[in-house]
Structures are given as structure tokens and as C-alpha cells.
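Taking it in order: structure first as C-alpha cells, then the write-up.
Chain IDs A, B, C, D, E and F follow the sequence of writing; residue 1 opens each chain.
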Amino acid sequence: MRPSGRSAEQVRPIKITRHYTKHAEGSVLVEFGETKVLCNATVDEGVPRFLKGQGQGWVTAEYGMLPRATNSRTQREAAKGKQTGRTMEIQRLIARSLRAMIDLKLLGEYTITLDCDVIQADGGTRTASITGACVALNDAINQMLANGKIKQNPIKSLVAAVSVGIVEGEALCDLEYIEDSNAETDMNVVMTDDGRMIEVQGTAEGEPFSHDELLKLLELAKNGIATIIDAQKQSLKD
Amino acid sequence: MRPSGRSAEQVRPIKITRHYTKHAEGSVLVEFGETKVLCNATVDEGVPRFLKGQGQGWVTAEYGMLPRATNSRTQREAAKGKQTGRTMEIQRLIARSLRAMIDLKLLGEYTITLDCDVIQADGGTRTASITGACVALNDAINQMLANGKIKQNPIKSLVAAVSVGIVEGEALCDLEYIEDSNAETDMNVVMTDDGRMIEVQGTAEGEPFSHDELLKLLELAKNGIATIIDAQKQSLKD
Amino acid sequence: MRPSGRSAEQVRPIKITRHYTKHAEGSVLVEFGETKVLCNATVDEGVPRFLKGQGQGWVTAEYGMLPRATNSRTQREAAKGKQTGRTMEIQRLIARSLRAMIDLKLLGEYTITLDCDVIQADGGTRTASITGACVALNDAINQMLANGKIKQNPIKSLVAAVSVGIVEGEALCDLEYIEDSNAETDMNVVMTDDGRMIEVQGTAEGEPFSHDELLKLLELAKNGIATIIDAQKQSLKD
Amino acid sequence: MRPSGRSAEQVRPIKITRHYTKHAEGSVLVEFGETKVLCNATVDEGVPRFLKGQGQGWVTAEYGMLPRATNSRTQREAAKGKQTGRTMEIQRLIARSLRAMIDLKLLGEYTITLDCDVIQADGGTRTASITGACVALNDAINQMLANGKIKQNPIKSLVAAVSVGIVEGEALCDLEYIEDSNAETDMNVVMTDDGRMIEVQGTAEGEPFSHDELLKLLELAKNGIATIIDAQKQSLKD
Amino acid sequence: MRPSGRSAEQVRPIKITRHYTKHAEGSVLVEFGETKVLCNATVDEGVPRFLKGQGQGWVTAEYGMLPRATNSRTQREAAKGKQTGRTMEIQRLIARSLRAMIDLKLLGEYTITLDCDVIQADGGTRTASITGACVALNDAINQMLANGKIKQNPIKSLVAAVSVGIVEGEALCDLEYIEDSNAETDMNVVMTDDGRMIEVQGTAEGEPFSHDELLKLLELAKNGIATIIDAQKQSLKD
Amino acid sequence: MRPSGRSAEQVRPIKITRHYTKHAEGSVLVEFGETKVLCNATVDEGVPRFLKGQGQGWVTAEYGMLPRATNSRTQREAAKGKQTGRTMEIQRLIARSLRAMIDLKLLGEYTITLDCDVIQADGGTRTASITGACVALNDAINQMLANGKIKQNPIKSLVAAVSVGIVEGEALCDLEYIEDSNAETDMNVVMTDDGRMIEVQGTAEGEPFSHDELLKLLELAKNGIATIIDAQKQSLKD
């Protein structure tokens, strides 16, 4: 029995609130149970220097946690003067995942930045970030189409993500914090809406895992992501 | 006529939501119109080194803005590797204001940190932060009393703050962003619930201001703060 | 009786030495009793990026304390790798105050930087900095007029500053260190030579202060600043 | 036909030179073709603060690239004043992988740091680092056993790693730089000598990848790692 | 003919003002012509970690230049967030030179920090710093003896320094800025009052220098330092 | 008797391996006994900003030590976020020494960076760096001539360096670590192949040194450098 009463394959209740703040071109509060992340998309003209003059756009991401998003207070990275390795690793993952859903040539010379800030953490903040940022990016692109900034829709697919893991020998989908901190193996999976994979990151925290366990986790992830993509689609219809 | 249709002395609608996140000892979302700040209070054992062994506590504050809390995106301070002078100035103001409401001897050797993070900015983020942090600090202190961490209530008064200013020759209370950016004089006032002052920071952005104008602004601030303190008290009753 | 034998409303002996160093366009050593600050004005062509192409100039300031300007040694900010919040707050105040005395349109596309470095500290270093920097800025502007860099004098007024406070219940003008560290309320006031206000920053260090106390402090500041402006004018005649 | 003339499943020539430098407790130069990484193990008494008093040890890693290990010069991180996100991500991966081969309880209160410095880069520097660091760690542990610092061998298994990927539609093992930079999908796999997995990190650089492609890549990785572990074992016999 | 009208072997007028500021245990303004450096000595109890428990003291130094000590403004190191290589090199030289004059065992577990801050630069700031810091250190030691902090005088000798160089083929003593910036060879020499050497740092800025030129420069330095040590001794008598 | 069995005037076995890595325009592993430094030369188009438009080139250097190049592990500068004063001092010395061998006008608007990374340290790493970097720079220049990037050879001479010192009263050439750490006086000398001096840096670590001792050390350095320059020439012939 999981702490939340869910079955092994069940994801937490997903809630996606669009237009959460008023300034951003896309602004989404995404909730996976008690995990809450605000994902804001900003559209800027121009591209980073390494892409200048190549007639394509760029999608990037930054990730942060409010100091008291966690059970005990985490030191503020701005005060400390640098981002941790964990933060950098996560924002690189979010950015790669989001770029995979966009045809950068069709985007043209614009940069879209996805700011994912964790308001409350209860496991799975990076996968929630990817899921919410996908919707915010969608809204920002639609605004660009409406404004005539771009002519053709550069979105190739939706992307969503989930964490899966092995806890006390059992494969579980969408780990909450208490499960995550006891997991022997922890895996984050990012997929498109046609069921192909963008990122698979599996880590043995305790015992190494077998090929069979890997397959089981992938199966759980695939089903979980299907549910999450339904939530995204539902939200985009509203 | 003000952009929001308010009269010169009217504050924006104040909304105070307690227990906004689940981990912090005090957690308040405070809204002054479209300005929204999340104020989390964290209680930690021990005090900073300069206070060790003096049998008193400490109250401090940190302030941040989500990159897209503003109309155009502000660079993330954690990514830049340092806090701006503006951020430092604001968090020092918040901390001083909150310390003024606490008897640090009665607090004992605990440190309370108020994290004020701006979710959406529309003028007056520092005064909203002080107002919300006061309620969060109140909740944290009450939890400490309930837990038996402290015996006697160290709260001396409530504190609240408002910005006032002179815009096109007219003195106005609780400036929103569009007003603030056109103000000739801008003043932040922090007061206790018995009408005494903790901080008065008036700045001529354009023309210097006269003694009479200062008095007019103080009068507006005093009345505005009375309304805000009513909202705090109402919220604390719920 | 004050430690220096002054009356409550008396400022310390003010000494202003112009042309103190030889390289700067304006160079002033200002002394308020034992507080000694070197204020150097540098004129550079061009303006910061956010002002490019607007046909106006800029005035900015930086503040520092020599490590042993204080009673016990303060860590060198250059060695520590960052400026403290206090330093940032002070240099922002100095810069705003000095900008208020200049018509930036008439200055044209020049940047003037005021470096205020405390050689010896005994209270009131920020107000002494503003007072000395005003004279150094004056000298730099006059050199620009003499050189033909600018045609019309952009100076609108002199500015000067003083700290006032309530110590053991009594309102005092121009606090020295021993008074400042015992003050219940501490207020820095910056005014023009026609008696209008540029900055008023009052802080309750202990007990909150009343409206009457504020008025008393403002009165003291106004008189003190009048004396200080006389000293500036005298110095500029020499 | 691959640039090096290898078949799709073939790893590059692996060369492992032990005792490469004289100061470190374990010192290995590992070469995967033209990729050369120096892996030094340092044994220090004590553990990081978060582990104090728990009677267990710690294994950590740092990664760096000499500025001209690459085709065009990379800025020196020490001069820039910070490590890139890529560096942090890699050194976290190396550390997790190496920790998985050690029983930290048996290690006792020692910290072993693996410094992996890339002398020459030609793709696969992170997987070469893990492979070489495993041997260096082995040597360091054996020295600790010989010195009587520890009584019982804490090594649970060998670990080795390889990068695999899909290049122009074909799955290839042990990508060199020219292949890696054209890969549609890139996957790093870390395994133990009994064929279980410690890390699987697959990334779609271009098109998303299918379940079947993932399985194919895992198969290639498994076989490649078996060859690499043979090379480690051979080297440890010498 | 030198710009100042001096002969090749003549040092500039040396002026040493003791007790220049009031807080430091030793405070000296040293002037070599137009070069002016404030040297403050601070005595603190305890020693750096690497010396703990060895029953000896430590002498260290920090060096800074006020931004407008130079002809055009130099960026403030505290604002930039780091000290330049030049600053670090100079403060290491000052510290080594001063340590050479002290028996650290006799000093006991105290740390003396020499802060050398350049008020106005006209060449030779590092050698002026050493010369002034020697006097400040002397005053600080005498205060420690008077206070009973130490029983026995740890000073082994006075030290002083001068820069010499080859300018347009001619060897000159005590270069001022205009000479220094045209020097083919530049050499800083630090000596004790018995004519032995502590540091010799000769650098060919243009052409390499010969053995004979080196000898000539050493001769000039020796004589110049003798004059400077006379000035130190005279000052210490006052 | 020296630890290595050498006579007082003997340098350690010098080994110079050219083309050590494959990417750099010049790549040399230089060994002075157990001291091993990798020196890579990188040729880039353009010059630093302060040289723009002057029709000349630039030569610069960076120095680093692998963390476990030393007997106990040194903290990685990239992780610490800054280079030590020692590192800065050394890389400035290397750069000045190498610039002295090049006619920067003939080099044209190119920048050559010498990266000197210590693989294993046993004393004399800075002098080994200069010696090896000279050969790497030579190779880079020859490649530029071969490529037609430059028409005329800008090399004016070879440069080489050695450390000499007084250990237990005896003057020794080419100190290894154990000697260096016991030296009373330590001197680094950089010379051209015609026997003129580029840098002389002598430091009394313990007792001050006399004029005679200085002459003796210079004599030892001169002879040692002659041997080292022979090794450079031999290596360049291969």
C-alpha cells in the first residue's frame, strides 16, 4: 500500500492551471499531488551568440526551488552565489526535453526561456517541470502565431515526464518524496505524445538493477505519461 | 482618476492566504491588487555567530523575485551568481521591520528566517512582503508556543507597510507599478499597530519634496496602514 | 552632555579639502569630526547601456571602507569577493542623492562616478560622503565647463546630508559613532540648498518612533544641513 | 563503415596504465582510442559533515578537462571562476557510479576522491573516466588494506561504462567524437561486472527514439562493457 | 635629465607620517614624491589554521588601490568581485618582506595584518608599501610590548624597498610612473638595514638585461634603500 | 650529498616530448626529474581588446596543477571558484617570459595561449613550465609559418628557466621539492639562449641573502640554463 493509497501504476492527481501569472507569454502552475511548480515561458527576440545568423531559434530553461519549498529550508542559491550541480543538471534536462518538441528552424530567431520554480516540493519536481513547461511553451507559441511573430507552428509534439522507481522491491509510478527517498532505483522518463522517448535517466541508488527491472519501469513510465499527456491535452482545450 | 479607479487615499484590495504551502512554520500568500508575494517563515535552532551565548534570538529575511514576476524577464540572481543591490536593500529593510515586532530575548536562541518571494509584481513588493511576513511570523511564533519551544509570546506588535508617493503633483496611497514608475517622490512607511513608525524611506525621484508634501504622504501612509493592519487582524482570526 | 561636548543641535567641525589627490577631475577630503572620507569624481565619455542614445548623462557612486577605517578590522570586500548589503545600500543612496543635483540632459553623454572611500570612520560616513561628493562633483563639472566639454552648467543645487537620531530619549544632530551605536532611532536626511528634501531614511533601531519625534528630527536635520551647506559654499569660494 | 574502421559493436582499443603518477593512492591513465583521462584516487581521513558520526565512508569525484584537450581551446574553469553545468553533471555521474561499487559501511570513516582529468578528448570522456576511476579506486582500496587502514575489502564489484548511440540510423558502440557529434540518440550506460545496471542515461539529440532502439542500444552497451571489464581485470592482474 | 630634475641615483623626497589614522595599532602614510600609500597594522589574537598550536605568530598583508589613485579610473576590485593577479602578486610580496623582519616565534600566537592602500599612485607603490608597512609594524609591535602582550621584541631588522630600472639605456633609482612605463628593465629590491637582500625581482619589459646591468641596478638599489632606511629611522625617533 | 645523488651544480634529467597531444598547435610534455608539466600552445585569431588595431599580436599563459599532482591533494581551483595568488603569480611570470622571446609586431594579430598544466609536481614547476612552453610556442610558430598565417619568423630567441637556492648554506641548482621546502633562499631565473636575463626572482625564505650569495646563485642558474637550452635545441632537431 502506497502512502497516498495509490496503486503501483497510478500517477498522482495532475492539475494544470494556465494563465497563472499575468506577465509571461505562457504561465502554468502544474501540480502532481503536493508537488507544485510554476512554469513561465518568456519570448525574447534574438538568439544566443553561438546560433547567430543561422536562421533558427532556441529554447532554454532555468530551474529553481524556493528555499522553503522543502521540508527543511534549503539555502537560497542567489545568496550563496551559485547554483548547485543538482539545479544545473535539472535545468539542462528540462531544456533538452523542451527543445525536442520544437522545430527550431520554424521558430525563427527567437529565444524562449522556461522558468520552472518549485513552490512546494514532494518528489518529482523535474518531471512536473517538464510537464508544465510543455503547456506554457504551447501557450507562448500560440501567442506568437496570433501576433504574427511566426507564420507556421513549430510544435512537433507534446512532451511529458514522470519518475518511476523500485521501492522495497516493487516498481512504482510517479514517486512522491517519501517513496523517492527510499527508492533503490530511480528513473526519470520523458516521452512524446506518440510514445517515443526523449530522455531515460535511470540510477541505482542502492542495488544495481536488472534488465527486467528496467523494462518494467519503462512500461510503468509509458502508461503514466499517457495519463499525463491526457491531462495536458484536456488543459489546452479549456 | 487612478488607473484602478481608486481614490488617492485608497489601498488596493488586500488578500492574505495563510497556510499557503505545507512545509513552512508560517506560510502566507499576500496580495495587494496584482502584486503577489509568498512569505514563508522558517524556525531553526541556534543563532548566527555574532549572537552566540547571549541568550537571545534572531529574525532575518531574504527577498527574491521570480524571473518573470515582472513585465519583461529579469535575469535570475542565482544564475548571475549574485544578488543585486536592490535585493539586498529590500531584504535588509524587511528584516529590520520584522525584528522590531519581536522581543528577541523572549524568543530565545532560535533564528526565524522570512523568505519573501515575489510571484507577480505590480508595485509595492517590499511593503507587501513586510505585511505578509508579519502574518507568517505570527503563525510561526504561535506554533512555537503550541510546541512548547517558547513559553512566553515575544510578539510586541503587528507591523505593516505601504508605499505612498507624489504622482503628477498628487499624493497617492499604495502605488501600483504604473504609478510608481511615474512618481516624483516615492516613500515606503512601516508602522506598528499602535501607529508608531519603524521605517520611513522617502526618495525624490525627480524634484525634491517639501516639508508639507512629506507630512501629506505620512498622513496617507498612516491611514493606509491602518486598513492593512485590519486585514492582517481579520486574517489572523480565521 | 554629548561625548564631544556639543549641544544637541550642533554638527561636528566640518573640514572640506579640495584637490586632495591629483588625478581625479574632482577630489575632496571631507571631515565631520573624526570621520574622514575621500571623494573622487571621475568624468568618462559615454553612458551605461540602458541610457545609450537618449542624449543624457549619468551620475553614479561607489562606496568603500578601508579595512582599518573602523575600530576593529573589517574584512576587505575585494578579498571576500563581494560587497556587503550595507555597502550596496550606501552607494545607491549616494548616487541617487547626487543625481538629484544634476540636470542629466544638460550633462550630455558623460558618466561621472563618485568614489567615496572612508579613510577613518566615526559615524555618519554616508552623509559625509554625500556632502563631500557634492563638492567633488562641482569641481568636476567646472572643469568640464572650462574644457568646453559642456556648454551649460547642469548643476541645479548643492546637496548635503546629515544623520540625526534619538539617543537615550534625546534628539541629537550629527551622531558620532558612540552615539549612533546607542541610538533608538537613526535618520539620514539629504537636502538641497533651498531646504527641500531628497532623501529621508528613518529607522527605529529599538523602540518605534512617534510622529512628533520624526518632526523634531527633521527640524534638527534641516538646521544641521544649513550649516553644512555653508561649509560647502565657503570651500567652493576658496 | 565507421571512421576508425571498427564494426558497429566494437569498442576502441582500451589501454589502462596503473601507477601513472607517483603521489596518488591510485593513479590510472585510461585510453579509449584517442580519448585519454588521468584518474587519481586520494584517500583522506574523515567524512563530509552530513555523514559525521554515522560510521561510514564516502566516495566522491571531480572532473575537469585541460583547456586544450579539445579541438578548439575551451576556457579554463578555474579562470572563469565556475564549473559549467556539463562538468557538474559529469562529476555527479562519476561519483554515483563509483559509490555503487563500494560498501560504504566497510570503508569506515574515510573519504576517497576520484579526480578525473581529461588530457585529450575524442568522445566518451565520462565513460572512460568511470572505467579508469574504478581501477584507481581498486588500487587505493588495496593500499588501505595493505596499510591496515581497513580490515575488510569494501569492493562489491567492478564498474565500467560505455557510450552508445544511433548515428545515421545505425546503433553504434563506443562513439568517438565525430560520431557523437552526429548522433541522433546518445546513451551512457554504467554496469557492474555481473551485468546489472548502475546508470542508464539516454538522450534524443534529434528525433525521439523508440523502445526497440533503446533495447538495441542496451544490448550493444552490455557487450561493450563486458570487453571493457575484461581490460580492467587484465590490468589489475599485472 | 629626469622629469623631476633628480639625478640617476636620487630617490624622491620620502615623507613618513605616523599615527595617521586613529584606530589601527600602527598607521603610517608614506609618500615617495607623489606616490602616497596608507599602511595600517592590525593586531589580532590567534593565527591562521595552518599554524594552530605551533606557538608562533603570523604576519600578512593586503594591498589595494583606490579606484582613482591612478590617472584614469581603475575598476573597483570589490565591485568586480575579485582581486587582479597584480594585486595578489603585490600583497604576497609585501607579506613575505615584512615576515622577514620578524621572529615569528617571539611574536607568539598573534596575527598582524598590514593593509596597504594606495591613495595616489605615481610609480613604486609596492616598494612604498613595504617601506611604510615596516614603520607601521614597528609601531604595532611597540604597542604590544607596552601592553604586555609580548615580552620580548620580535623585530630582527628594519626592511625597506625601492624600484630601480633601465630607461632609455640608463639605470635609474626610484622610478616615477612616467619612467616606469618606459623602462626596458624594472627591478624591485627589498633589503634589511644591514644591507642584505630579502627580495630581488627583476623583469625585462623590453630587451633582456645583462649581468652588468643587473649589478648596476643592485648598486643603485642598495644606495637608495640606505637613504630610505634613514628616513624610517628618523621617523621612528620623532 | 643531494637526495638524488646530483652535484650542487647539476640539473635533473630533462626530457622533452613534443606532439604529446593531438589537438594543440604545439604540445610538449616537459620533465625535470619527477616534475612533469604538459604545455599546450593554442593559436587564435585576434588580440585582446587593449591591443585592438595596433597591428601586433599577443602571447599569454595559464597555469594549473592537477589536484593530485602534489603529495597531498590540493583543492581544485575550478571547484573553489577562484585561482590562488600563487597560480596568478606563476602564470603572469610564464607569460612575461614567453613574450620576451617573440617580436609581437611580426606575429601580427594573433593570440597564442600557453596552457601549462602540472601532471606531477616535485619542485620547479614554474621553471619547467617556461622551458616546455618555449618549445610548444616554437612548434606553434612553425606551424603558422608552414600554413602561411605569418610570413616572417617572430622568434627572437629561446628562453629557459631554472630554480636555484641556498639549502643548509649551500647553493644548489634545480631544486627538487624536498630541497625547495628547506631552502633559505629560493631564486627563479629566466634567460635567453645568448645568456641575457629576462626574469630574476630571488626570495629569502629564512635569512636574508648577501650580494655574494646572489652572485653565486646567478652563476649556477646561468650554467644550468645552458644545459636546459641544449636539451630544447636537441628536442627541436628531432
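FYI, a contact is a pair of C-beta atoms (placed from the backbone, for glycine too) under 8 Å apart; a residue touches a chain by one contact, two chains touch by 3 or more.
For clarity, every value in this text was computed on a predicted model and none was experimentally measured.
**Q** Listed by label, which chains are in contact with chain A and with chain D?
**A** Both-contact set = empty.
**Q** For the two copies chain E and chain C, is the contact made of the same residues on each side, with over half of the numbers shared, or of different residues?
**A** Same: most residue numbers at the chain C-chain E interface appear in both copies.
**Q** From the mean C-alpha coordinate of chain B to that of chain D, what's the distance rounded to whole Å?
**A** 50
**Q** CA centre of chain E versus CA centre of chain F: separation in Å?
**A** 28
**Q** Can you give the whole-Å distance between the Cα centres of chain D and chain F?
**A** Whole-Å distance between the two chain centres: 33.
**Q** Please output the residue numbers of chain D that touch at least 2 other chains, ranges allowed.
**A** Only 81-82 qualify.
**Q** Mind sorting the chains in ring order for me, with chain B at the start and chain C directly after?
**A** Here the ring, read from chain B toward chain C, comes out as B, C, E, F, D, A.
**Q** Touching chain E in the complex: which residues of chain C?
**A** 21-24, 27, 34, 36, 38, 40, 42, 44, 62, 64, 66-73, 76-79, 81-83, 87, 113, 115, 117, 119-121
**Q** Using the touch definition from the top, list the residues of chain D that touch chain A in their complex.
**A** Chain D residues touching chain A: 82, 84-86, 88-89, 91-92, 96, 100, 157, 187, 191-192, 194, 196-204, 207-211, 214, 218.
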